[in-house]
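I'd like to ask you about the structure that follows.
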Amino acid sequence: MKRSNVATQKFIQGNEAVVEGALYAGLGFYAGYPITPSTEIAEQLAEKLPARGGKFIQMEDEIASMCAIIGAALTGQKTMTATSGPGFSLMQEALGYAVMAEVPCVVVNVQRTGPSTGIATTVAQADVMQARWGTHGDHAIIALTASNLQDLFRITVEAFNMAETYRTPVILLIDEVVGHMREKLTIPAPGEYQVVDRLLTSVPSGIDYHPYLPREDGRLPMSDFGGVHRYNVTGLIHDMWGFPSTDPAVAYNLIHHLVDKIENMELEIARYQEFFTEDAEILLISYGSSARSALQVVEDRRKQGVKMGLLELNTLWPFPAEAVRRNSAGKNYILVVEMNMGQIYQEVKKAVQNPERVYLANRFDGIFISHNDIGKVLNLIQGKGV
Amino acid sequence: MKRSNVATQKFIQGNEAVVEGALYAGLGFYAGYPITPSTEIAEQLAEKLPARGGKFIQMEDEIASMCAIIGAALTGQKTMTATSGPGFSLMQEALGYAVMAEVPCVVVNVQRTGPSTGIATTVAQADVMQARWGTHGDHAIIALTASNLQDLFRITVEAFNMAETYRTPVILLIDEVVGHMREKLTIPAPGEYQVVDRLLTSVPSGIDYHPYLPREDGRLPMSDFGGVHRYNVTGLIHDMWGFPSTDPAVAYNLIHHLVDKIENMELEIARYQEFFTEDAEILLISYGSSARSALQVVEDRRKQGVKMGLLELNTLWPFPAEAVRRNSAGKNYILVVEMNMGQIYQEVKKAVQNPERVYLANRFDGIFISHNDIGKVLNLIQGKGV
Amino acid sequence: MEAIKDKKNLQVVINAGWCKSCGICIDLCPKGALGRDNRDKAVWQYPDKCIRCGLCELRCPDLAITLQEAEEEE
Amino acid sequence: MEAIKDKKNLQVVINAGWCKSCGICIDLCPKGALGRDNRDKAVWQYPDKCIRCGLCELRCPDLAITLQEAEEEE
Amino acid sequence: MNTQSFVFTGSGGQGVITAAIILGEAAAIHEGLNAVQTQVYGPEARGGATRADVIISTEPIHFPKVVNANVLVCLTQEAYDKFGRIVQPGGLLIVDSLYVRATKNTEARQVMLPMYETTKKEIGNPVVFNICVLGCVLALTWVVTPDSVLSALKTKIAPKYVDMNSKALKLGLDMGEKWRASLGPVAAQKEAAKIKKS
Amino acid sequence: MNTQSFVFTGSGGQGVITAAIILGEAAAIHEGLNAVQTQVYGPEARGGATRADVIISTEPIHFPKVVNANVLVCLTQEAYDKFGRIVQPGGLLIVDSLYVRATKNTEARQVMLPMYETTKKEIGNPVVFNICVLGCVLALTWVVTPDSVLSALKTKIAPKYVDMNSKALKLGLDMGEKWRASLGPVAAQKEAAKIKKS
Amino acid sequence: MPVKRYLRQRFFPQLWCAGCGHGQIMASLIRAIEELGLQKNNVVVVSGIGCSSRMPGYLDFHTLHTLHGRALAFATGVKMGRPELNVIVPMGDGDASAIGGNHLIHAARRNINITAIVMNNNIYGMTGGQSSPTTPVAAKSTTAPLGNIDPAFDLVELAKGAGASFVARSTTYHSKEMQNMFVKAINHKGFSFVEVLTQCPTYYGRKNEGVSPTEMMKKFATTTTSIGSPKKKENPELIERGVFVDQERTEYASSYCEMINQMRKQK
Amino acid sequence: MPVKRYLRQRFFPQLWCAGCGHGQIMASLIRAIEELGLQKNNVVVVSGIGCSSRMPGYLDFHTLHTLHGRALAFATGVKMGRPELNVIVPMGDGDASAIGGNHLIHAARRNINITAIVMNNNIYGMTGGQSSPTTPVAAKSTTAPLGNIDPAFDLVELAKGAGASFVARSTTYHSKEMQNMFVKAINHKGFSFVEVLTQCPTYYGRKNEGVSPTEMMKKFATTTTSIGSPKKKENPELIERGVFVDQERTEYASSYCEMINQMRKQK
């Protein structure tokens, strides 16, 4: 019997991989409210966080959870909450606050079938557009996802890193299949993956500190509540000290800053993986659990000599348009594989040179999309019937 | 002194025009929570509804307001709530419920500057994408708007009509300037504007009634709570009797139905107005209060001999792509005028044949966009500098 | 429940299709009149002990028990 | 507030820039020691009547009143 | 008249928005003109500088805000400092002489009147200050008739207050007329002519 | 072995998911194989038919759900009725003979064993029923070693329960072996050969 | 058989676990409605989301299965829309007092004629055994693996504090008492609040006592006592059962209707 | 001058209306903090949205101006993040008891060491005079033009019902009493709740009595009485002032820290 290093290998659920990733990244505070299919994240952290000196709190609802992680983040903690569709909808107002007040935190949405309560236990990927546009007002957002536990661990760490780097809430938009699927996860040793710590201001006590004045590199060093700088945090349009302002110039600059600091960083933030794309004539584009089925199709058809490739997106927002455009160039056709009515499909069409060659293979009935489902669409496109 | 018919003419705010339109359409129940700049709608209805035998209730928050209008709608009432950005974000979960349970109701969002609390008293049009995508899961939505009080009155009546026709929540997405602007409104006599009443089932007591089985024309006749048919209403995926189901076929059909009943009706639902578009070489596309500035530009430049036209959208969702495409065909260029970072601009680009000719004239700093602002962009496009 | 003349005319009817074998009725029958079948479903094993108190009916979470007149079997 | 020896050494200082003329201090002064200027701002009109009770300071919503030692004028 | 634009500015409690609404309603409902009224709220519920615009025209009005005002009314110093510049050259700038120290060199005709003090003195209740102001504006522009304003007023207030408001309006009309008269016959004539044209 | 797929079905309380997890963990952590485990929850928290899939392979596993199972275990009639068809021709269908009346003509080899009754009788506690089932599966497939399963088990349960679980596993292994033996030497040999190949 | 007349029998056997107290509460509610002689078409049952919220699916009334925590907000709309209907709102403890706490206190404040029933099993059943705001300190749950440190609400005190005009408590052990309270609560003109202590053997039971449904029920017999009973003095830990508040106060929907009538007269 | 030390003077004069009681509450709070000798860097003031919520902008502490109704939820995060900080949460009556009612009762239930101050002017000031859950019946507001028919919360009763371990009430008329209560509330180890009756002359006053700020304040003198005063018996309508609850109970953040310590020991 072969025995691998049990200490750092675990056979766990995707939701638990998120937990491991968050702990690796330095999670200090979690607030949440149970909801299928995300609950295991809370349950695991209820035990693991205090064991490491962190704190877990079950709040009275999702709104309170989102608010609490913002509050705790301002004291210097890395914070997270997790939910699913209905709870994510409830969090939209406070999520917008985190955007506006530039508070780093991570919000996990383990997607299930919607709209409304839909089906609590089945998979979907239909909150992609909501992640981008769910809160009111012009804004930008980072949303990440993954299809397997190793990636999920890594991308969870990156979610925290990006939250710190860009001072923004980051959405980890996974789905029920990834969340509940168990496979082996190898947890890297400390230091193996980069962990971005909170950038604290070097301005000493007594010197005027500007919590909302970006440095030259665009970053905004923070000062924790309880520290030597007393400033103001608000969801109103505010000046560089954090005080409310109705000056149109202040509003213009702030809103532009909030959008640009993310949208202009598309290339930096884009995470994706190319499988057999180089010589591919047919390109699949997928993400989350559906990317597994897509990869299955690619491997199956490659064996039959079909030149197919897969572009798996780990960053959904800002949409990695450049990667999509580059990978799509010259392909005979592009097939987007997802579990909704075509949310990323529409973005791909906007991004590529040849939108008329973009097709959609999807499911939105709660059943996990299979390689067979994708195969049928491929046959159809190729004029082979179903 | 000329004296016009005072009885049916009023010099009132846009928010009051919404009230008048809602009463004309037969509003029976309003639940809401105050928020600038929508509060006048509640304040007016607090007085006017009971005077007509209807009911006004101030709920504990926006979530409760949205839930209450759904509950009351199921008893046969025409219902409405009104709010602004932060409240609209809070309503997203319950809004999705209304979509899922196919409950007719009207939700007014008087847009103000966001994101988050932003500036409570200044104008914006930045909740357009949120109106479409704010709640989780695949769905479709109707969103209407207007730029002047007469249109606003009419479109409010239409919002109720569409809610009844399509059994869906309809969003009336106006903005602070229209909401607070006063001008003359002529209230038509009863019967002058069509009012669509609730379509009640003709199935008699004792016969199996299917609340969620569309008729041939796609409509679903209702039966009020308290009536002879006892059925179930839920936000879960449900069968034609309203009982929860996890059958993938049921899920597929229901979600498709919810989307198709609206998306397929684009031509029916599209409301827009063409000003000088026929011979126009330059087309402005706008909506809400910004359409007033756009029309000002058109009239000003027409006087200077410039062939310009305006397409004013009253329907925002489903996006009136056909009208946009048709009006844009052959134009030298198209300029979208709006008060956000380009939300409808992106939709126009998707809709037209020549997306590279589409430009954006916008403001998002809380200041109402003026004909001068638009003029500057026009000059820029025409290579005339600013 | 309709007024009942002769209690002995009543019998405890258990709907095995609805019974989930929770044991509540059996455990809480004041007279020990109920037993279990091989799938642990409740049965009215000792009608003679039964005083027709109706507690089993009142407490069955699955609405599987009815105290009813002998004739009116469904 | 620091321990104060001679109350008469204290004076009521009103910051006219912050005063909003609400009248609370004037109306509620137990001794009627306060009055209004031509823009209705509060003034310490009758220092002789004033007993330095500090109520005006405690109650001014605009933090416009200070009872302070004569020297420490700001 | 083709188009005339009015901007009333002051602080929240002074009723500048009400004055603007009444003027707009008088024009739109009682004189069959087009009128659009808008306002700018400060971040504060009250306090700060409030501004209310009215555009009155024989033509349809699209852009609803005033860019260059024919008539600007300033009832507080803060409002004057903030909005003083938006009156157009040759336009009319009406300020309350108690509250505002007009310092700017504008090319507008400045009218400084003790409207607040007079209202307080003559009517006893400063609540109708804004109606007195409206009277002045009417006297200096004749954009609508006092009757129309009174009709509009009546739909807004309880019957018992009609009298006090009529008086305030009259007070304002008189003050305005007197101001014109004070220019001397020739100047007053010119002034009257200007108003007709604008 | 290349890839083997297992589906455990039953009702919520029976521990089918746990059985699947332990099998997966034994393969992935203790035998260095690839393993993916998924499940289907009913609309109900419990009750209804639960299904847990495990795919074990020497290759990377992409599609994580079982389409055609090599081994299907059914512990309730409802589960059998719902999922009975997903076993592949020539596959193994293991049912509990107390709970399931197997009626279908499948092209799979049906194994009916009194696993529940035996567990209850021999161990006294039906809580380890699922471990006994797992023992049967091991005996009939040898996909992983009982040692690996025990190692995986130990990470999941309190030390005081290890003994009871080991016994249940042994019980299942024995039942499985006995069933194979009952086929007679030739059939058993063939059976053993099939398992190796699959 | 009377009880069945009120059931949507095609959904039986119910999905609740064996021994779950929710079925017992439903049975008592049906008997109360039967006793009151309400017409089926005059009853609306509004629930949120949770195991408890399966109830409307089983009952042959007008039924509205809403969002987690929001039942009373929807019900307020129903009641205002048609004040003549009997609106009954069964809720879980999490549903009513965690996410739905605000709607609970506000419905109580308004004194709107709705009958709220909290099926308090001290746990989130539906999502698999997390702590609820009524989980006792030191009890275990999946989100309190080491024992709960969050103090619990006393729901009766909460309802009283919010101004409810009818407040009562019973348990699944006391079927007849519960039924009587439901009768009183439905008859009450105003907001009525009934807390029923109930057992979730699957999660609360297993995580804590690890005992059978019967034993959980029996605990309700020994850990509770009637209001005013001398036992309470001996053992202050005992939870009181009975009607805590029963006041006549203006009911919201009817005072609204009165206002409408007055306005119409004025015209 | 001591009070000014705690102010961000550049934002003065404040934006509150003339005679608004919110400034008086802020002044008393500052004096309480001064009296307690708290370090500015150890104080976090968290507000929601409303006129009352202008307070953090004026105070030279760590200040967090959040969302309408959500102050206590944010504050819970702050307190858990850094339990050593003094977290003070001024809220409006609408803020705290309408949209924020749920966070209020849950913070009370948890007994987390936060000082909640409700600046109760019986109206929504910020949005221009709509009814709040504390607007008395028959009082007028812009959403109750004919007089309010919605019964009001007694916030003290609500906080008690939710289990708050420190509950007090004062008014803007009673500046010193209010200050003393703030001192006690901040000192209290656990959740403390102080309701301060205050005047909104601009909306509540104008819509109802139409009187001056002073007269509104004077009303507080005549319509309230100290707890236990004999006046209450003569006139039961009188509102009581004073400390209603002051219990020692396990505080949430510290019991969490204790749990952490225990877990660490176990390792």
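We just call them A, B, C, D, E, F, G and H in the order they show up, numbering each chain from 1.
By our rule, a residue touches a chain if its C-beta (ideal position, glycine included) is under 8 Å from a C-beta of that chain, and two chains touch if they have at least 3 such contacts.
This is a predicted model, so every value here is computed, not measured.
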Check every other chain and keep only those touching both subunit C and subunit G; list them. none
Target subunit C, source subunit A, minimum contact steps: 2
Which integer distance in Å separates the CA centroid of subunit D from that of subunit H? 27
So, in whole Å, the Cα centroid of subunit B is separated from that of subunit F by 56
Give, as an integer number of Å, the spacing between the C-alpha centres of subunit H and subunit F. 61
Between subunit B and subunit G, what is the separation of their C-alpha centroids in Å? 38
Can you list the residues of subunit F that touch 2 or more other chains? 42-43
Which residues of subunit A are in contact with two or more other chains? 36, 50, 60-61, 63, 86, 93, 97, 116-117, 119-121, 234-236, 244, 246
For subunit H, residues that touch 2 or more chains besides their own: 17, 67, 98-99, 101-102, 106, 126-128, 133, 146, 150, 256, 259, 263
Can you list the residues on subunit A that touch subunit F in the complex? 1-4, 6, 9-11, 36, 119-121, 177, 180-184, 289, 292-293, 295-296, 299, 368, 370-372
The residues of subunit G that touch subunit H in their complex are 98-99, 101-102, 105-106, 109-111, 133, 146, 149-154, 157-163, 249-250, 252, 255-256, 259, 263
Residues on subunit F engaged by subunit A in the complex (per definition of touch): 21, 24-25, 28-32, 34-43, 61-65, 67, 145, 147-148, 152
Across the complex, what residues on subunit B touch subunit G? 28-29, 31, 50-51, 53, 55, 57, 59-61, 63-65, 67-77, 79, 93-94, 97, 224-228, 230-236, 243-244
Which of the residues in subunit G end up touching subunit C in this complex? 1-4, 7, 12-14, 16-24, 26-28, 31, 172, 175-176, 201, 212-214, 217-218
